[in-house]
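Next come two complexes, and both contain chain A; in the first it sits with chain B, in the second with chain C.
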Partner chain A sequence: MSTLNPPLTSGFWERSRHSFVSMMKRDGFGLLALVVLGLVILGPLYSVVLWAFAERWKYPSLVPTQFGFSFWSETFSRADIVAALPFSIVLALTVTLLSAIICLPASYAFARMRFRGRQLLLLSFLATNAFPRFGLYVSIAVIFFRLNLIGTVPGVILIQLVNTLLLMIWIPTAAFQGVDRSLEEAALDVGASQLRVFIQITLPMVMPALSAAVLLTFVNTFYEAQGALIIGLPRVVTMPVLMYSLINSQLVTQYGAIVSFVLWLPSLLLLLVAQRLLRGGYLTAGFGV
Partner chain B sequence: MATLDIVHLSKRFGSVTAVKDVGFTVNDSEFMCILGPSGCGKSTLLRMIAGFEELSAGDIQIDHESIAALPANKRPTAMVFQKYTLWPHMTVHDNIAFGLGLRQLSREVIERKVKESLALVGLSGYEARYPAQLSGGQQQRVALARAIVLEPKILLLDEPFSSLDAILRVRLREELKRIQRRLKITAIFVTHDQEEALSLADRIAVMSGGEIEQLDHPSTIYSNPQSLFVADFIGAMNLLKGVVQDGTVRVGEKQLAVPSGKVSNGEVTVALRPEDLVLVPDTQIGTVWKAKIDQVMDLGHYRKVLVDVPQLGDLKIFISKAVNLNEGETISLAPTRYLIYQNGNPPVEVNQQAQ
Partner chain C sequence: MGSLPFSIIFIRHHNNSIIFMTTLPTPVANGRSPRRWFRGSLLPYIMIAPPLLLMTLLIFLPALQSIIRTLIVDADGQTGFSFSRYIAFFNDKISVSNLIFTFQIVLLTLATIFLVCFPLSLYLRFAKGRIAGAVQILVLFPLFVPGIILCYALIRFLGTRGTLETILSIVGITGYRTPYLKPEAIVIGLVWESIPFTVLVLTAGLGQISDSLIECARDVGAGNWTIFRRIILPLIIRPLLIAFSLNFLGIFGAYTVPYLLGPAAPQMMGVYMQQTFGQYRRPDDAETQAVITFLICSMVGLLYVRTVAKQRIQQEESE
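Let's look at the complex of A and B:
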């Protein structure tokens, strides 16, 4: 796969600078749009990162007047944060694992079997993404209340599982569909058993896409706040939920900024890995199911 | 090394019958081609032999023992597929060694066999490459090596060269023939390319509509096609409508001779190979067609000429390059050999030169 991607050489920056200049000459509006987009996307990030390391930052100064780490030790000595961070990680891992156990076999079935209602079922996983989530969660909360699931860990796991379905079904389904059947037949032909064909031929070929789906699911779940907020409070508090309350109710801006910053780093790394894994073209190849 | 018997074999997909009661024997070390247009059932037949399709009826025997009940991974056959089916996540070495490893051979034996098979297909030293680093032709050579390294009793090839360009196709064809001769392996090669079949096969089975139309040596298939379908499908052919009456067949304005008693009165089709229509002097008597040259196509060592004969339509002829012909010119043509088909019966051959 690595041969498909041109290596990043030192010429890359020169070339991109050259294209930037030529674009500026050719298309002033495009440049304007780029600048606005950059401000909109990077502006908040800039502000959050600066706030996380700011000891003192008063208007009208554009950068903090004093940098330091004193708020970091303060933040991480808070009992709620110390409890929520490991809990969030374990919760996200649990949800991802459960989702994989449920969705991966299902996606194999979607890719390989022809059954009645297959297309409709596959589309139904879009439903959770097609309507406002909040409304969905509120109506689910009503049901969960009767089932005594409000404020419980199983309740939060269930609501977060719903969120993972689309990604964990669609990406692997597309990947399994992308595996040419004759590659499996060729392995059968030389004498491999069905199980060996699956483990040694099919699985390695879908592995990048499956890993990407799992990574994205973990990241999404780790940051999921709406469901956890509605179903989990008051007893179950995840990191993103805590971040919301820190941002909303605390007078100290740095707490929220530091928690956001800490939450970004792993997601940024995992998303970069997932993006590399997905370059195999599985998404484009299979999303026209 | 092995013989293959196909016995009353049928395959039905729902209401569609893909293979209808087919039966033949492939002899030891024989190279058999199954030739037919797409959808004629030839690939289905091959896939049944490999074990990828279940039989609806009939039997498949290798060395007179039925393999019909065996799954694909237990059959002593090996297949080279139409598409490149090397496993993309394995190196050339691992692709070839995969099947050997399943047979619990020692490491040294596997290494030696991988080396030998790669040498056989002319790819020594390519062990560490990945399929994506090979050209299409190289990939099919590796696929061939992967199949023959297992020393199968029957080698199955499903249009293996159809996605390669013309020059490469011819070269790989010659190599395949050489390898098959050297290993004396029994092979079945499915193709829709008659040139491929004619040049490779010891015998050709021409299939149409799920049935075998004719099974013969290539030269016999060409010179004596037993049905109109085969006559039309193999090689270039002029098919002319005619009516038989009183010992002659009337084709257009002219009468052609018919062997007495072999054809009854009524409609027939006369099949004439382009090379069996020869240029004659304008003064010759007998059945001579005056034809106007429509198009002259230079095909290297000979020329294909399309001519127009009044009341008969277009005819194809092959003319030597030594003869000077111009479009628009009128020439005289005489048939030397033709076949007369009537009511689906085997044809009646008329050879003017022999008489």
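Let's look at the complex of A and C:
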């Protein structure tokens, strides 16, 4: 009887239990993956975000014992942090701009011009990925050491610039290749100048990919820590490099948590446009795939 | 154009203007105007020169120079070719144990990555619905967490009295022993970082396999295993190789995760090199260590370049 006419009070529970069981049967692996990944991937970030807003957090409590902001003013009155944050932003912007200036014309040439060795030269940029990264940095550092570039801003800019090459060339090259030539030819036929065709037709079509490349480059550079560490120290200290000492000294847990939280904000920006990047397939292009 | 596309470009600053001089024969002789010749043959090379130069100066040159410098040794005022730096490396117990440790971490991490990512990629390729969507978001999430923040987060999560221990104690499980500062923590951190890239590459490969192809195979009586081995595997061998080689290189050249999460000894090569260069101020020894990582990774690096190159050339031909 009750299966035909379930009592109203348990209706919702029964139904949701039923849908859960059927979901489990249909997609057991997915559900398992969801739970495990949720714990393993979101768990660590949960800790950081809550630590950033905790006054006190006594074990074994799942949430901070007392929330508060008092560590925020303390963190941002530290001289090293106050100096490093704007410097890191300016540095990342500079590297991104320089990268765009030297790479975008190159990517246009790779995509639209025919010349000997084109394919080989384009593929040669894969070399930036084909070395064990830290070994390469040491190799560069030995040269910079003799050129007195260790601990200087130009040294850090150069090493970070190398990291951006593959992404800033391959993504725009793919975009320029994807442009429908017939539209450009039509505009040329009706008498538009080449410059005008480029600005009014080509550029708008490649703009999503170009902005994706620029954004990825900025975020990657902003977080780049290893090259900046080996080339920049002791005089040039970026925000991610500062994190090493904040983690190692561990005087106050909240310092590291608050800096992590603030550092993470640009990445959240990237997260917001990620859907578009994914659809365009640009994320994998950045890996040289 | 019979000769080389361009041989030498002299760039001179003269009265604040830049003059290009080439050793090429006069292009008018070929029946093309100088302007067209410039745009057709020279301009592309000028456009790609800056990034190419930068890469040559900062990747090929340092690597080559390191290899040469470590093979030429000053002994008793005489310079000569010698393997003595490498012999010293392999006679040093700490160096050898660090190299072996690096290998162990690489193998263990790679195995874990594929054990985790392969089922996830298969699932994401063939499953539909809300759960699959949520799984996809979680899988891609680490892409948006920079390495240094991940390390800090994992310390807070895995460390003694961290979030994981708290959760376990609430469930009633006691006796948690933290992996922090042990080799296991390095593996956890590196796997965490590699999941999105690996799944992206593998699902992109699996995406090329059409549903109809699999249905056809099923219609003629192929089982799941046969479909996997005969249809899926051959089609994704290239993505697998790319994921393998890039992960291998990434783990071998890792620094942040092993430095912040791993033990003080043994160390992975990245940490060891930084210590030799930065703390002990022995750039020569650091350079030897770097070249040893180059040589070990060279085969994998070539595999990566070759696989991507083949894929790209095939793509261009099909377009």
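Basically, the second predicted complex is superposed on the first by the 248 of 289 C-alpha atoms of A that agree within 3 Å, B and C clash if a C-alpha of one lies under 4 Å from a C-alpha of the other, contacts with A are read in each partner's own complex, and residues count from 1 in each chain.
Methods note: a residue touches a chain if its C-beta (ideal position, glycine included) is under 8 Å from a C-beta of that chain, and two chains touch if they have at least 3 such contacts.
Just so it is clear, the structure is predicted and the values come from calculations on it, not from any experiment.
Participant: After the match on chain A, would you call chain B and chain C a fit or a clash?
Facilitator: The answer is fit.
Participant: After the superposition on A, what does A:C103 contact: first (chain B), second (chain C), both or neither?
Facilitator: second
Participant: Contact-wise, after the overlay, does A:A186 reach chain B, chain C, both or neither (first, second, both, neither)?
Facilitator: Touch partner of A:A186: chain B, not chain C.
Participant: Using the superposition on chain A described above, determine whether A:G256 touches chain B (first), chain C (second), both, or neither.
Facilitator: second
Participant: Using the touch definition from the top, say if A:A83 reaches chain B (first), chain C (second), both or neither.
Facilitator: In the superposed model, A:A83 contacts neither chain B nor chain C.
Participant: Looking at the overlay, what does A:I140 touch: chain B (first), chain C (second), both, or neither?
Facilitator: second
Participant: Is A:I199 contacted by the first partner chain B, the second partner chain C, both or neither?
Facilitator: neither
Participant: Which chain, chain B or chain C, ends up touching more residues of chain A in the combined arrangement?
Facilitator: If we count touched residues of chain A for both partners, the winner is C.
Participant: For the superposed model, what is the least distance in angstrom between any CA atom of chain B and any CA atom of chain C?
Facilitator: 12
Participant: Using the superposition on chain A as set up above, list the residues of chain A that contact both chain B and chain C.
Facilitator: Comparing the two interfaces on chain A, one with chain B and one with chain C, no residues are shared.
Participant: Mind pulling up the chain C residues that touch chain A in the complex?
Facilitator: 5, 41, 43-45, 47-48, 50-52, 54-55, 58-63, 65-66, 69, 119-120, 123, 127, 129, 131-132, 134-135, 138-158, 161-167, 169-170, 192, 197, 200-201, 204, 239, 242, 246, 249-250, 252-256, 259-260, 269-270, 273-274, 277-278, 283, 286-287, 289-291, 293-294, 296-297, 301-302, 304-305, 308-309, 311-313, 316, 319
Participant: List the residues on chain A that touch chain B in their complex, please.
Facilitator: 3, 180, 182-183, 185-193, 196, 200-201, 204-205
Participant: Using the touch definition up top, name the residues of chain A that touch chain C in the complex.
Facilitator: Of all residues in chain A, those touching chain C are 23, 27, 29-31, 33-34, 37-48, 51, 59-62, 102-103, 105-106, 108-110, 113-119, 121, 123-136, 138-143, 145, 158-159, 161-162, 165, 168-169, 177, 223, 225-226, 229-230, 233, 240, 243-244, 247-248, 253, 256-257, 260, 263-264, 267-268, 270-271, 274, 278, 281, 283-284, 287-289.
Participant: Using the touch definition from the top, list the residues of chain B that touch chain A in their complex.
Facilitator: These residues of chain B touch chain A: 50-52, 71-74, 77-79, 81-83, 85, 87-89, 98-99, 102-103, 132-133, 143, 146-147, 150.
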